[in-house]
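Structure, as structure tokens:
Naming follows writing order (A, B and C), and every chain is counted from residue 1.
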Amino acid sequence: MTTAQENEILTRTGPGTPMGALFRRYWLPVLLASEIAEPEGPPVRVKLLSERLLAFRDTRGRVGLIDEFCAHRGVSLWFGRNEDCGIRCAYHGWKYDVNGQCIDVPSEPEESGFCRKVRLASYPCIERGGVVWTYMGHAEKRPPEPAYEWAAVPEASRHVSKRIQECNYLQALEGGLDSIHSSFLHRYTVGDDPLLKRDPESAAMLRGDARPVFLPTISAGGLHVSTRRNVGDDRYFWRVTQFLMPCFNLFPPYGDNPSGGHAFVPIDDESCRIFSIDSHPRRELSELEQGAAAAGYGIHVPLVPGTFMPVANKRNDYLIDREAQRARKTFSGVLRVGIQDAAVQESMGPIEDRSRESLVSTDNGIIMTRKRLLDAARASAEGRDPPGLDPVAQKARAVSMVTPRDVPFAKALAEHEPASAAVEAAE
Amino acid sequence: MTTAQENEILTRTGPGTPMGALFRRYWLPVLLASEIAEPEGPPVRVKLLSERLLAFRDTRGRVGLIDEFCAHRGVSLWFGRNEDCGIRCAYHGWKYDVNGQCIDVPSEPEESGFCRKVRLASYPCIERGGVVWTYMGHAEKRPPEPAYEWAAVPEASRHVSKRIQECNYLQALEGGLDSIHSSFLHRYTVGDDPLLKRDPESAAMLRGDARPVFLPTISAGGLHVSTRRNVGDDRYFWRVTQFLMPCFNLFPPYGDNPSGGHAFVPIDDESCRIFSIDSHPRRELSELEQGAAAAGYGIHVPLVPGTFMPVANKRNDYLIDREAQRARKTFSGVLRVGIQDAAVQESMGPIEDRSRESLVSTDNGIIMTRKRLLDAARASAEGRDPPGLDPVAQKARAVSMVTPRDVPFAKALAEHEPASAAVEAAE
Amino acid sequence: MTTAQENEILTRTGPGTPMGALFRRYWLPVLLASEIAEPEGPPVRVKLLSERLLAFRDTRGRVGLIDEFCAHRGVSLWFGRNEDCGIRCAYHGWKYDVNGQCIDVPSEPEESGFCRKVRLASYPCIERGGVVWTYMGHAEKRPPEPAYEWAAVPEASRHVSKRIQECNYLQALEGGLDSIHSSFLHRYTVGDDPLLKRDPESAAMLRGDARPVFLPTISAGGLHVSTRRNVGDDRYFWRVTQFLMPCFNLFPPYGDNPSGGHAFVPIDDESCRIFSIDSHPRRELSELEQGAAAAGYGIHVPLVPGTFMPVANKRNDYLIDREAQRARKTFSGVLRVGIQDAAVQESMGPIEDRSRESLVSTDNGIIMTRKRLLDAARASAEGRDPPGLDPVAQKARAVSMVTPRDVPFAKALAEHEPASAAVEAAE
């Protein structure tokens, strides 16, 4: 259904690629703000959309994201000194500010003005929701600042973690939009998790209809990837996952749980950085919830200290526990929701060969996601704006709702979901 | 003597290659039966002739060898649940039986019959001699079941171990047919080994003729690779190693030692799985012999626990001990017969460049082996049966014999070796 | 300034390349003599100019450098027995002498003369200055023996160490000719180092002129890479680093410190072996100096025991210490001069893309080095002798000197530097 050529377009995001051009239309998460918390602190190497960059916070607190390598001899500025409003190369002392502008070449007389002619690639950064974001596209097309709900709630209402996944972003993203897999891959895992446990009413409705209808639909910023279950004779139980262009998802919580979501940001074509977010639109996260997230429960995972590599990874077969699998403590033998996702998605290979798949009706969300991305890349290439740049669309929220059967989905959603209502009102 | 092109043909066994087609005419060892001992136990990933497969034993004890990856989205079935007569993918629950037939797609209504249309590549398996064997060729050409003597003796008369060697199968196989190298590579190593030590009479005959004649001849199933030594004025001491197509050897024991042999099975073109076998046609192995084999003596080697990787391998220079080499406790500095073979054979590179060799008369066994393989591949490609499919030929036994000089080799062998006699009788 | 094509020529030194042909005109350091100290001791694998070779010292103390692989079946002779004036292959006992001549093939009758026809590539070796040197070029063009001053002083006046650097030789060599980088990369590091500390007089002159003039000039054997500082109104403080073709440098000491120098010898195109030398032309090194060098101070570095890999390397981010960087105990966060060089030079990638540089006037030494190498490669290809083969030129010494301003540089140097004087006298 997806051709080898489409797969190639969908999965390549480096400079000069159609999908790379699309990603360069959006603000993208780069790293946790805490990684460069201090002015003049250590810089951080960041590979993003196959570009090798350096992030640092200067003396005045400004964040820079610039080419990792000095214009002079190509040395990594990671060894540089972050001091006095710029980063100074360790080799010959060339110094750059947060905009990549060279502001000192010690060997050249200042009056020569030489350094003013030297400038590294750099991308503007902003901080929202505990995350540093960047925009890597043309200045004249710079979109409004990211308006995702989780990035706007108070800090105490949010937990964001980051991990590396060793496969193409699209495999990870597709997993995040494929709510069906939870019934298998994550079975036995969510029961007592403070962040993922189910409320009794939802649990009863889930049990009440074992064969939900899967109904993805176009949304302003991406897709509503919905499942519909019958409740009694006259109502539906809807669960609406949001896909927001180009690589975000939000999935509906149970009961009063925090809402979950991810950003699946390409490092290069064979690995991605996953930001996993718990947030609550109306309250602070509890101590239990914050503690569980920090300990690698929910959608978060335990990391090798000092890195963003999960402790359980492909080099140790994700610490598979066959006894736990046999005893139905975990469906796959792998523990933790995020590691379960990583295990199956990485097992597809660095880039899944989508031309060999056998897709079924429950893959419609994935099929539509691919189409949405390909259409958006085409629109962008033709000079039109792709979806999802609009702050209103970005404020989408994943929801669960029980509605009378005779209320159309769009109308029902508009009653439960602020962004959808706003979009509808605007149209 | 061997051209680069012949080397290419000889060493490539993936799908679509001439030598790969030849290997797919035979039953081949896949893994130790003990690796999948329990019904519903953990599946095992097996790469074989460059194909990535999964072996598992189902609820009813049947062994399956199927494509490692789910037809749906390409996830490794290694994470799957082996339950209720099939293996169920961890991602969305698709289930396959030992024949690769999909028997459940949970999201699709059973009445749709969808799953019946989904089938993974699979290969029939049988168990013989503590080993699971498979046949990867066309169903209509399926040969009789493997009849090698070691696979037929009672379990207590046999010890089989498995190890990975990090080079092409042919380098390993050629080592196994090159009895001359024992006088160098394995010198100082066999003296007190319970499985390889020499009886006084043989030792005297070996010493009695320092320059044996090397006489490989065609056999029904491969080659007799023989050395002939003069004994007194009127007798010969023959030692006959068997090559059995396409990748087996048997070498003659000393005295009442168990017989030894190997299967050198391609994983891919740059690594192989070596099954090392001690067996005795007439008695059980002694406790001492079984213990020595289990401890990595004889042709067996100590393995990294939980793996089939030798403790001594190329990453640690095979734990070379230069002091022991100097003191003539080992010829090469490397300990253990199997590791000595691995060390020199892996040092040739993943695939030896045979076009650069300088072969001599004692390499005739190797030269004939290559010719036998190339001829067989050609025969198979032209629709004829290659040698070694016949159970009678497979029953070959490696023997030592002392014969009057005037008895022709073939006649002498027919008196000492059952398979040879049977083949002769049949002709 | 350097084109991609020039970069390709400059950095490739394997067989058949123009720069490889140039390097094969000189005696090159291979390994420390101490690595093969004992007759009949263990052989050492040496990759050199992309050729895989084996060095060994035979029974009579002669050093051989021969093809690593046996002519018979391609097995590494590293597993061989070094005994009775030759190295004997561990597989079938073929034996070679230090000239690569096969002197025994046990399976062949001696009278056949077979082994005399078998010869491996081999290169002549000599020992100078604690180092084994080889000449890999045509016999008829073999140059005089290496005459570098450090190689001629008594053993007690010298310390030589060796380390692997994981980048092309030219990046390392260029670092060794780029004296400007010391003021940045090595700032804070040399103050109390017994081998690099500055004498008060020099220190005062360095402080006295913060913007030295950088004046590289052609020398007989390579380049004089000089910095000139004003002293008062009438004198100059010159510091003259020597580049000696094709991959040597010598840098001027402070006060009575030992002189330093390096040989940057290509292993292959993506790694090199760096020999770091301290020597004193007039006295023995002190116990403190020898101890400091052995402990990895000065230009030496701590090594992983049993290897030549620095303890601090790219796999552990050179053990960067951000606190020490912030506290100005090290400019780059990396400790030890040699590791600082390795860190920045390896960070350029295995082969720096010189077509993307932004060179400035202080890079003239590097620019001239490249030109000198390209010109020499061209001269050699056209049948002319390249510079630096002459023992007189090789005796160059790096010097500091204070001279009246009206004395021309060449004349001043001839008064302070023996080789320069001799070259001048000869002309």
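The definition used in the following text is that a residue touches a chain if its C-beta (ideal position, glycine included) is under 8 Å from a C-beta of that chain, and two chains touch if they have at least 3 such contacts.
Keep in mind the model is a prediction, meaning the values are calculated, not measured.
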Required steps from chain A to chain C (each step between touching chains, minimum): 1
Proportion of interface numbers common to chain A and chain B (over half same, under half different): different
CA centroid of chain A to CA centroid of chain B, Å: 49
Per-residue overlap in chain C, given as positions that touch at least 2 other chains: none
Interfacial residue positions of chain C with respect to chain B in the complex: 40-42, 69, 71-76, 78-81, 89-93, 105-109, 114, 118
Contacting residues of chain A [partner chain B, same complex]: 180-181, 183-185, 211, 214, 320, 322, 325-326, 331-334, 340, 343-345, 347-349, 352-353, 356-363
